[in-house]
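What follows is subunit A paired twice: with subunit B in the first complex and subunit C in the second.
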Partner chain A sequence: MSEKLEINKSKSQILQKEMITSNYDKITSGECKVSSTFVPGNLNELVMCFDMANNLPEINAIQNGMRKKSGGMIMEAERQGHSEDVCTYVKADVGQMAKGNIAPNGKPFPNPDLLLLSYTGCFTFLKWFELLREDYKCPTVMLHVPYDANGNPTKSMRDYIVKQLKEDVIPTMEKVSGVKFDIDRLREYMRNSAKAEDNMVWMLEQSKRTPSPIDCYFGGVYYMGPIFTAFRGTQDAIDYYDFLRTEIQERIDLGLGVSTPEGDMGEEKYRLVVEGPPNWTSFREFWKMFYDEGAVVVASSYSKVGGVYDYDGFRHDPENPLESLADYCLGVYTNRNLPTRVDMLAQNVKDYNADGLLINSIKSCNSFAAGQLMMMRQIEEITGKPGAFIETDLVDPRYFSAANVKNRLESYFQMIDQKRRGGGSATVAA
Partner chain B sequence: MCAKSLKEVVDYCQELFDDITFQSARKWKDAEPGRKVIGYMPVYVPREIIHAAGFLPLGILGGGADMEVIHGDAYYQSYICRIPRSTIELAVAGNIDFVDGMMFPSICDVIRNLSGIWQLMFKDKYVRYFDTPQNFKGEVGGEFYQRELHELKEGLEELAGRKITNEDINKSIAVYNENREWIEKVYAYRAKTPWKTASWEVYILMRAGMVLPPEEHTQLMQDYLAAVETEDRPKRDNCRVIIQGSFCEQPPLNLVKSIELSGCYIVDDDFMMVARWLQKDVPTDGDGIHNLSDAFLNYSAESAFKFENVMEEKGTHMFDAIKKRGAEGVIFAAPSFCDPALLDQPMMVNRLKEKNVPFITMQYAENSGQMQPIREQSGTFADSIKLWSAA
Partner chain C sequence: MKTFIGIDLGSTTTKAVLMNENQEVLGRGITNSRSNYDTAAAVCKQEAKVGARFTMFQNELGSKDEGALSLLEGLERNFRLEQFLAELKILEDTCYGYLDHPRFKDFKDDLRVALRGVFTELEGEAPGIYAKDAERKSDFFRDIAGSRFMNIGERISKEADISFDHMLNVYDKSIIDIESLVPADEVVAEQLLNGLSRAVRESTDLNVSEEEARSSLKKVLDVEMEETYVVGTGYGRVRLPFPKEHIRSEILCHGLGAHMMFPGTRTVLDIGGQDTKGIQIDNAGIVENFQMNDRCAAGCGRYLGYIADEMNIGLHELGPIASKAKKVSRINSTCTVFAGAELRDRLALGEDRADILAGLHRAIMLRAMSIISRAGGITDQFTFTGGVAKNNSAVGELAKLVKDNYGDVTINISDESIYTGALGGAAFAHRAVVN
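The block that comes next holds the complex of A and B.
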């Protein structure tokens, strides 16, 4: 039985992997123009309207991180004069270019035809594409998404984004691609998006169950792959999330908990909410530290990084396509103010019956990291559950200290045990 | 009234610089009932609108070199720059308890998220994250920016309990135009006769502009220029450099002194861009908000925290400063962990290399203590510039 389930689990993973690979094949095929953009504020439906392939440099950095190639690329960028202190995704990208710009499918990346600078939730994006433009010298179009500083995006912000889409982004994409913009085509893609989003939210909410049938951080990375990259708005994405739903439902029906790279996890001992992106260079090792202890991540902010669909029920709306793209961008997790992030995560701790909040703070990512200590204290206060703080990096292997992370996690699990037995709590932190 | 001596002016600036409890701003506030103080962080807020409300705009540029950070480290990890933690320290320790509101400009994610910390910690205070557009078309970014300015005005009106009229704004625009004019006079004077104006003096003179009402700051600059003119200071065989990358967290004063002592006249910098970002006068008639927006869209200096739509235009402000001030080299002095400065730097460096302009790079924190390596680095730089120019 478990063999069958392993195969089932593998099926969604295999499918996801095939989809990501197919996108690399499309990008490197030379058969269509290529637009590069970012995961938060990813306007995939719009990119598809112009028959362009969507290349996401963050995903390339992740791929390089998981394949243990990013370390060398980062060193290369630092040799070129990039600071040790800045986002390692950017340096992995710069280093990748210097090392021949080879895609994960082994073929060379073509130069992008367009840098779609969707400046959403992270200042680094702005500099990142200015840096790439220096080499690619291709058209670069800015979409400035104002920061939702008051937890309540205004009409003024939305109008500003829509106007940029109409006056700058769409005309530039028409010019670069040679394809005329068709709003009905956009509506159709957005209709598809909303269908997949419904299933994705269903999936996220299944970890409210005990035991949780899925892990929403380590496992979540795979589940989010298609919708956060080049597939939102496609029939493929609808099919994938239908398939995933069936697969998860099957686990639920059989009363199974989380599936890990080493098979079923066994007894679920700890339920955590995690804030911050994972480390990619030691992803498996990092995950193992959790499942070896029976810890499952029931909710994470990282599974909202490419769009928030559960907190306030956003769906892409084909009736108001451009306005809806604006709302999507305004609502991505890193574009939300700290009080909203705190509320979101505190709600997660309560609604998913978690033992507490763990923060994985990323050394080179200010967008997530600045303010996380404050967030942890606030969430501890609101929920009465203990928090813990670990520090790693995204794709720079020099900043993943397995022993440190493991120690802190073990202390945290002990603290949760103590709390359950009615003892006091103290934060586990750096 | 007799003219102030250079020592009097400089001592006063030093006193303001050293005072991290902001006594002068407290006195200003206490002088009349109903006065309010609005703090702002780097890099840019339209101080004209705060001034038009009858408030004092107060620049909060961190805690400086000497402030001990006790609480702030509990808010920030070691890999985040120092200015947010020392700013929190100022707040938690009560140094800025008299400040009625804080503005956080859209310069980077650290200051952006600090606005959220403020919302969580100081719920009874006015907190405004201030967004400037990255689209520079009048009918796109301009319209958005004007709406932002109106929102800011309305928020301040609520605090003031009165309307801010267009006339108020235009009057304040005139005050800041004059202030910028005198700043430029000080900078031009320094570039012309750098041996007469020590850069650390100019630095604290500009810092005074962060805490004084603009009218007083303008007077202070006038006093300084009048006093320095009468001084007889020896001309040294120094090279001429501009400083880039120090627009947010400020370097310790000792760093400015060390660079100069090691043989470099600083002839331009980007230390306090709020006072110098708009490159031309803002018209003082017509719709003040519209004019402020226009000035930002069309006349704000090209800089690391602004998207440059045209790749070829990148670096123009830096090269303009090099040309205008006759600089021979550039010192990139950036705060550690500063995304805008450090991500921008490689692009600027490449442009300097293309044009054979000498440069060096260094990093600091506002409380960096060790100046020996800085002196050595900038001393070697000064020597090499002299060698090149002699060759």
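The block that comes next holds the complex of A and C.
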């Protein structure tokens, strides 16, 4: 048996892991009703108003991916007839159900009491919940969020969402949970959310420093865990982000760069902005390809996928709770039109003094892979910095070709080096 | 003398380019990659050094008249002959070494006699193989010795009434050992001098004396070639015994190599054994952007190799057959395995072999065009590199597609295009020290 590597983990990473585990314990305890929902458009404050536990199937798929269990689950889903091209989050979830629906804490997931579809920018989400509804036969409520096609959500869009919340979503949740909606309770949670969001934005912006004290993609996955899942609006989240802030401040005071699973990274050589989610099945191997070369991700769109707080300063607003929930749903990264995403990423490249944009395109996610090449070209043009394109998958281990990804990454890093040095012309003489 | 060497470890062949301080390419070397990258790198580096000695000898002769060119041609052939004979001798001795294996104990002596017979014939044939105007299908020892061994060995074993399988078994074991040998500089020097003597003896139009030629060659051989900086690239690059800073991505090396061959290059297409790359470079050969096939080698060089195997013809025969097509069959799949099925299906339907092959060539170029599009399209000038660039039918299909999609674009293809990555590597090696 090979010797197990000692993995370096920060205290905040350990803490967030405990928080995620505690949520699984809550979901599987049988002591509260369970609502399933998605990370983009996650209405956690509202879910908490009904004393329900928040279960996020994407997070379950990620957990299964990182624990090397998703491959078998996906094959199970394919045996049931789901095509090779279907989103692998969906197939991991379907396969998990077929294999006994066991949560990462080892206990069986209860059937959800409610499927809350509060983000419709991804058409697959719609189909996913249709599938689950067939199996669970539980109430399903859909909050239709209009796509922000013009880069400027209108009042009518906001009103449309608020109307749905009032007339459909909240009454359904009251009915399922048996708890009467209390808007002051929602206000209180939103006040908490805003506090954590302030620290979250502070955290994201620290990677403007050189060297960056944090990695906003691979490290960012851990940092954003609590706020993107079942903790936004809780005192636990406030405490977590206070703690994280202190931890990062300590790194800054000590002049430390990025912390990796193998300890502090050596010299920071490349600063990148990354678009697209990471690969989860080979997460550590993927990250290693970056830190071994001294590459740090200073900003990523993935760290905005559960809510954009830095670009236009959005915070949950306790004074206008339902309107604020509408604004939150309209503003999640994947609901923004392509020109806005281009502007956001180009701004990141400039503000974070990055060497360029790297896109990790997802094989089984057609809805967001579309347009990425054009985005890259435009951002290259705006920033004058070179871009690069790699392809992996979310949780299907068959689609992670390590040699190929490494080859492209190394080429990209060397290309950045070459550009920095200015190259110099040479022609062959014989 | 300071030398700068680039080594490109491809999935099929390993290539080396050696340049001097003035960035003049003095020598090139190529060998099959085998399963041992270290050996492949050492062999092709030695080949590039030999090539450099030839270039220097040519410069030393200082004349490009027919006599000098004929001497050079004769020297090269006879040097290869010397090399072949030396390797043949080692192969024979290695074969005898394996006869001690318990498996052969009952017929060891018979096998030895038979082997001696095979090698005597092979030795006798060798001058003919390397005679002037003789055609050689390969320059690799393994290919030449292997095919002749099979031929002669089968006959002799039959005559001697011993199993050819035993003889083959001994050969198979031995050839692997031979392939791992890298001749020392002194051995190569001696082979060159012996080759020169043979060349002088067979030459009728020499305008230098043997003594003069020998003295010029000795002068060249006395020049010490310092490996000032070596850069490795290609898929096997991580296996090279080099420090990390001596290793460059093949995308950068192909970009720079294409720029050095054709300084006006802005877009490069490289179709190698297992990948296809579209690369954009600036006016200094610096990579601006690149795209390559991902997870799937559909439409790569290996695709053509597979098709050749399926049709039971040589890889080099594909292009000439396809060029005789009267129409281009529509082949939809660039998946190597599916294309095999499609090929058999079309043959069964009675379609012409040439037409099908033309369709297959077009299919891989359509795939390449897609990769180029992803990399940002084609900007004049366009340089095509990699093994597939030697296939005229593939080039013809590419030219049509380029014209249809991008209009009139200069398409550059070098005779030495297989060395593009190694040339870029050598240039990086030069830059690491000189710039």
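Note that the second predicted complex is superposed on the first by the 411 of 430 C-alpha atoms of A that agree within 3 Å, B and C clash if a C-alpha of one lies under 4 Å from a C-alpha of the other, contacts with A are read in each partner's own complex, and residues count from 1 in each chain.
What we mean here is this: contacts are C-beta pairs under 8 Å (C-beta built on N, C-alpha and C of every residue); 3 or more make two chains touch, one makes a residue touch a chain.
On a predicted model such as this, the values are computed, not experimentally measured, just so you know.
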First (subunit B), second (subunit C), both or neither touched by A:T28: neither
Contacts of A:L373 with subunit B and subunit C, given as first, second, both or neither: both
Subunit B versus subunit C as contact partner of A:R408, first or second or both or neither: second
Partner chain in contact with A:N60 - subunit B first, subunit C second, else both or neither: neither
Touched partner set for A:D168, first subunit B, second subunit C, both or neither: first
Which of subunit B and subunit C A:T281 touches, first, second, both or neither: neither
Touched partner set for A:E391, first subunit B, second subunit C, both or neither: both
Partner chain(s) touched by A:T88 [first = subunit B, second = subunit C, both, neither]: neither
Common interface positions of subunit A, toward subunit B and toward subunit C: 363, 373, 391, 430
For the subunit B and subunit A complex, residues of the former touching the latter: 74-80, 84, 106-110, 112-117, 119-121, 128-129, 131, 133-135, 137, 139-141, 143-144, 147-148, 151, 304-305, 307-309, 311, 314, 334, 336-340, 342-347, 349-350, 363
Residues of subunit A defined as touching subunit C within the complex: 363, 373, 377, 380, 386-391, 399, 401, 403-404, 407-408, 410-411, 414-415, 418-419, 422-430
Complex interface listing, subunit C residues touching subunit A: 22-26, 55, 235, 248-252, 256, 259-261, 263, 282-292, 294-295, 374, 376, 423, 427, 430-431, 435
Complex interface listing, subunit A residues touching subunit B: 80-83, 85-87, 90, 117, 119, 122-124, 126-128, 130-131, 133-134, 137, 140, 142, 144, 146-147, 149-150, 156-157, 159-160, 163-164, 167-168, 337-339, 341-342, 361, 363-364, 366-367, 369-374, 378, 391, 430
